[in-house]
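One chain, subunit A, links the two complexes that follow: it is found with subunit B in the first and with subunit C in the second.
Entry: the complex of A and B
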C-alpha cells in the first residue's frame, strides 16, 4: 500500500526509470535462472567465430598465399581479427534482436502480455528494460570472448580499451532506437520471428560484418554506409587491429552518435503511434 | 486382455511398418499444412549462405583459391565446399529431428501419451526423423541446383560414384542421433544442446573447411569422429584431394562405425528410457 502511494507521488522520470529497472531485473533473473543460458552465452561467442576463421584460414593458405585479394579489400591482412570482431558484432546485434526486439512477442507467448500492457506504467519501459537486460546479459560474454581470442593470439588488440568502450557506448542509442521500432512492429503485426531472420542477414550483408564491405557492388556499399552499424564496426576494427583512436574517426563517431539520437526519437514516436493504434483498434489481445 | 494382445504385437514387422507409415503420414500432413514453412525451408539456406559466400569471394574470386590448393591440392573451393554443405545439412537434420522431436513432444504435452502407445519407442523415434530425412534429401537436391545458379557452386558429377556410402552413413547418423535423443531425455533442455552440438560437430568434422587448417588438438578430435572420415572420403574420391590419413583406414573407421554406432545408440537410449520409467521423470521439463 505504502509502495503504491510512493509510486503515485514519484516524479514521472523516477517512476519511468523504476519501471525500466523492474523489467531489466525481471529479465536478468528469469534468463539467468536456466543453467543452459550460461553454457550457451559463454560457448557461442567462442565457437561461432571459430567456424568463419577456419574458413578464412582454409582460403588464406598455410603461408597466406591466398590472402592478397582479402587484404586489398579489407585494408588489413589480419583476417582473423577482422572476422572475429565482425562475428561478435553480428552475434551481439542478433541476440539483442531476439531478446530486446522480440520481448513483447515473448510476453505474448508466455501469456503475460495483456497483464503487462494494462499496468499503470509506460509501455515503452517494457521494451527499454528488456533491451537493457539483453545488453547487460550479453556484454559480459562478448568481453570474455574477446579476452579468450586475445589470449590464444588470434585477436591482436592494438588500440586502447577506453576507445573501444567509447565506440560501443555510442552505438547503443542506435540499437535502442532500432529495437523500439522493431518492437512497435511486433505489437502491430504480431509475428516477427521471420523478420528477425531477415534483419540479421541484412545487417550482416550491408554492414560488412563478416566480410569486407568493398566486396559488395557500389550501390549496396552506399546503402551499407548509411547504416550506423557499418561505421561502428569500421571504427572498432580500426581501433582494435590498427591501434587507431576514436578521434581519428570523428566523422564516423559523429554520424553514429547523431543517427543514434534520431533513431531513438523515431523509435519512441513509432512505438507510441502503434500503442495508440492497437488500443484504438483493440489489437492488444490475441495473436 | 486387449493390452496383452497389443503388447504381443509390439515389434512385429507388420506393426512396425504400420506405425512408421502412420508417423510419416502425420509429419507429411503437418508439413503440407504450413506451405510458408516449406517455402522458407528452401529460401532460408540461400539467404543465410550469402554472408559466407561474400567472405569466400573476398578471398577467392570465382572460387579459385591458392590457399586451398596449398592445404589439400585443389584450388576449386566452389566444388570443395558443397560436399561438406550437403553432409552438414544431413547432420543438422538428424540432430534436430531425432534430438528435438522428443523435446517438441514434451512441449506440446504429447510425450507421455505417445510413450504409452502400443508402439515400440525406438520405432517412434526413427519414424519421427524418417520424413525429415526424406524431406531434407529433396530440399538438398533443390538447394544444390539453386546454389549452382545463384552462387556458381558445382557439385561434381563424380559424387554419384560415392552413393554406395549413403546407407552406412545414414546408419551411422541414426546411431549418433538415437544416442543423442537419449541425452535429451536426460538433460531436457534440447534447444541449447541440439544447436550447440550440431554446430560443433559440423565445425569439427570440416564441413566448411579442410580439417588440415585446425590446430593439432582439434585435428585429433576431428579424427576421432567417423563423420570426418566420411567427408574426407567423399572429397578424395570426388575431387582427388590429398586425404587426411590413408583412405583405407578412413574407410575401415567409417564402415565399422556405421555398425557400432547404431548398436551403441540403441543401448544408450534403452538404458536412459529404463531410468526415466523407473524414476517417473518423463513429464518433467
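Entry: the complex of A and C
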C-alpha cells in the first residue's frame, strides 16, 4: 500500500452534497435490491385508494344522493379524484416518515449509527439524504397509482404537470424540516415506530387528506389550516382536478414556502440541540 | 507532539432506578480519571474486563460522547472543542460486523464511506484499489457484504477505517466474535497497519491479544487505570520468576502454614471450588519445585491433581494490580489460538 499521498478532501460544500447523494444512493440501491419492494410498489399504490373510494361510494347512498353534499363541502363533485389524490398524499407522508424520519433509528438497529456519528460527515446530511431517497422511491408508486387510476377513468388530470411539480417542490422544505425534528426525536427517545402511526393519522385528519376539511369542527379546521400540508393538498387538488394554475393559489403557495423555510431552521436547531444533548447524556449510544 | 494525550478523563451517566413515580436518580461513573498518552506509530492497548470503561473511553475519544471532566487531545486537537478536526485525523472501528451495509458490495460500501469522510472521488477510487489489493480482497470487490465471511467483513471494516489515511485509528474490541483463525489474521493486519506509520489505540479484554500486539498496555478496571507499561515490564513488575498453577482436592490452613515455612517470600493464592482448590503460586524467590510442593501437599493430606508452570502473563498482572481474577473468568484464553 502506497504511503506517498495523503487524503485528498473535497471542498466542504462539495463534500456535503456528495455525502447527501451517497446516503440517497445507499438507500435507493439497498431498497431496490429487495425484489419484494418492486412487488409491493406495484400493488400498494393501486389497492390502497380503492378502499377509500368504496367507502365514499357506500356513504353516498344507493343512488349517490350524498355526493351533492360532498360537492358542497369539497368544492368539487369529482369525489374519486379527490380521494385518490388525498390517498397519494397520505402515502407520500407515510413513506417519508418511515424512510426519512426513522432513518437514524434504522441506522441504530442496523448497527451503523455509531460509525456514522464518529465520521466527519454532517449528521444532518444523513437525514436529508434518506429523505431524498424516500422521495425518489415515492415517485415510483405515485406514478403507478396516477397512471392506473387515470387509465380506468377514476382520476381526471386536468392541470399542468409543471404546476403539480412546482407544488411538490415547494412542500419539500417543510417536509425536510419536519423530518429533521422527527429524527431528533428518534435520536433522543430511540423508539418512534408508534409515533409514525400517530403522526400519519394526525396529518390524515387535520389536513383533510381523505375527506373535505369542512367536516371537521371549526377548532380542528383552524389547526389544520395552519399545517402547510393542508395548503399543499388543496393546491394539488385544485391544479389536478380543476385545471387551476399554482399562480391562482399564490397565498397558499407562499404560506407553504415560507413555513417550509421556518420549519427547516427549526428542524436544524432541534436536531443540533438534541445531538449535543445525547452526546452529553450518553443516549447517543445504545439501543 | 504526541498522537493522543488523555488527561484525567471522566464520564458519569445519570440513570433513574426504582418503581414508576418513585424513581431515584443515580450517577454511575463509567470512567474515573483516566490519563495516558500515546506516541506516534505505537500500538497501545486498553485492556480490561467487560464493563471496565474501555468502550466509554473510546467513545469519548471518538467524539461520540462528551466527557464529564478531563481532556483528550488528538495530535494537539481537543476532542470536544475541535471535534471536526479530530474526526479528520482519526478513524474509529467499533465492535461488530454490522457496521457495514450488507446489501451493498465491498466497493459500494467503500465508495459510500469515502463520500462520508469528505474525500474526493478520484482519491477514493485510487485508495479503494490500494486497500482491496492490500487486504487481498480483489476477488470479493464486487460481492455483496452479506456474502462475505466474518473475517472478510472485518477486513472491509479495517479498509473503511484506512480510507482517509488517518494518523490514528481507534479499534474497539476488533476481534470480538471472530474465530481464532480470523482473529489471528486480523492481529497480523493490525501490525501491518502500524507498519504503515499509523498509531493504533486498541481496546480488548483478551490478554493474549494485548500481549501479542501492543507496544504498551494500560490495564483498566472499574473505570480506572490500574497500571500502564510495556507488556514485558508489566510482567516483570509483579516480581515473579514463574507462576505455578495447581489443582488439589483440599487445601487446609495447615497446608498454607507448611508452604510458608518451606518457601518464605512466595505468595500463594487460593480459589476454592466445589470439589477442588485452585492454587496460584507466584514464585519470587528460592527454588519452588513441583516435587517439593507435592511433598508439602501430601504431608498435609492434600493430593495435587494437575499442575502447570507458566511465565507470568498479563492476566497475572491484572490480578496482581486489581486483586480480581473473577472479572477475567473465561475471557483470557478463548482468542489465544
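Here is the rule we use: the second predicted complex is superposed on the first by the 275 of 287 C-alpha atoms of A that agree within 3 Å, B and C clash if a C-alpha of one lies under 4 Å from a C-alpha of the other, contacts with A are read in each partner's own complex, and residues count from 1 in each chain.
As a working rule, a residue touches a chain if its C-beta (ideal position, glycine included) is under 8 Å from a C-beta of that chain, and two chains touch if they have at least 3 such contacts.
Keep in mind it's a predicted model, so treat the numbers as computed, not measured.
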Do subunit B and subunit C fit side by side on subunit A in the superposed arrangement, or is it a clash? fit
Between subunit B (first) and subunit C (second), which does A:120 come into contact with in this model arrangement: first, second, both, or neither? second
Kindly classify A:181 by the partners it touches after superposition: subunit B alone (first), subunit C alone (second), both, or neither? neither
By the touch definition at the top of the document, which applies to A:62: first (subunit B), second (subunit C), both, or neither? first
Kindly classify A:155 by the partners it touches after superposition: subunit B alone (first), subunit C alone (second), both, or neither? neither
Answer with first, second, both or neither: which of subunit B and subunit C does A:74 touch in the superposed model? first
I'd like to know which partner A:282 touches here: subunit B for first, subunit C for second, both or neither. second
Using the touch definition from the top, say if A:171 reaches subunit B (first), subunit C (second), both or neither. neither
Contacts for A:93 in the overlay, against subunit B (first) and subunit C (second): which applies, first, second, both or neither? neither
After superposing the two complexes, the shortest C-alpha distance between subunit B and subunit C, in Å, is 12
By the touch definition above, which subunit A residues appear in both interfaces, subunit B in one complex and subunit C in the other? 34
Within their complex, state which residues of subunit B touch subunit A. 40, 44, 47-48, 50-52, 54-61, 65-71, 77, 189, 191-193, 195-196, 199-200, 202-203, 208-210, 213-214
Complex contacts: residues of subunit A adjacent to subunit C: 1-3, 5-10, 12, 15, 18-19, 21-23, 25-26, 29-30, 33-34, 110-112, 114-121, 276, 279-282, 284-285
Tell me, which parts of subunit C touch subunit A in their complex? 11, 13-14, 59, 62-66, 84, 87-88, 91-92, 94, 96, 98-101, 103-104, 108, 111-113, 115-123, 126-127, 130-131, 133-134, 144, 163-165, 196-197
Residues on subunit A engaged by subunit B in the complex (per definition of touch): 34, 36-37, 39-40, 43-44, 47-48, 50-52, 54-67, 69-70, 73-74, 79, 83, 194, 197-198, 201, 204-205, 209-212, 215-216
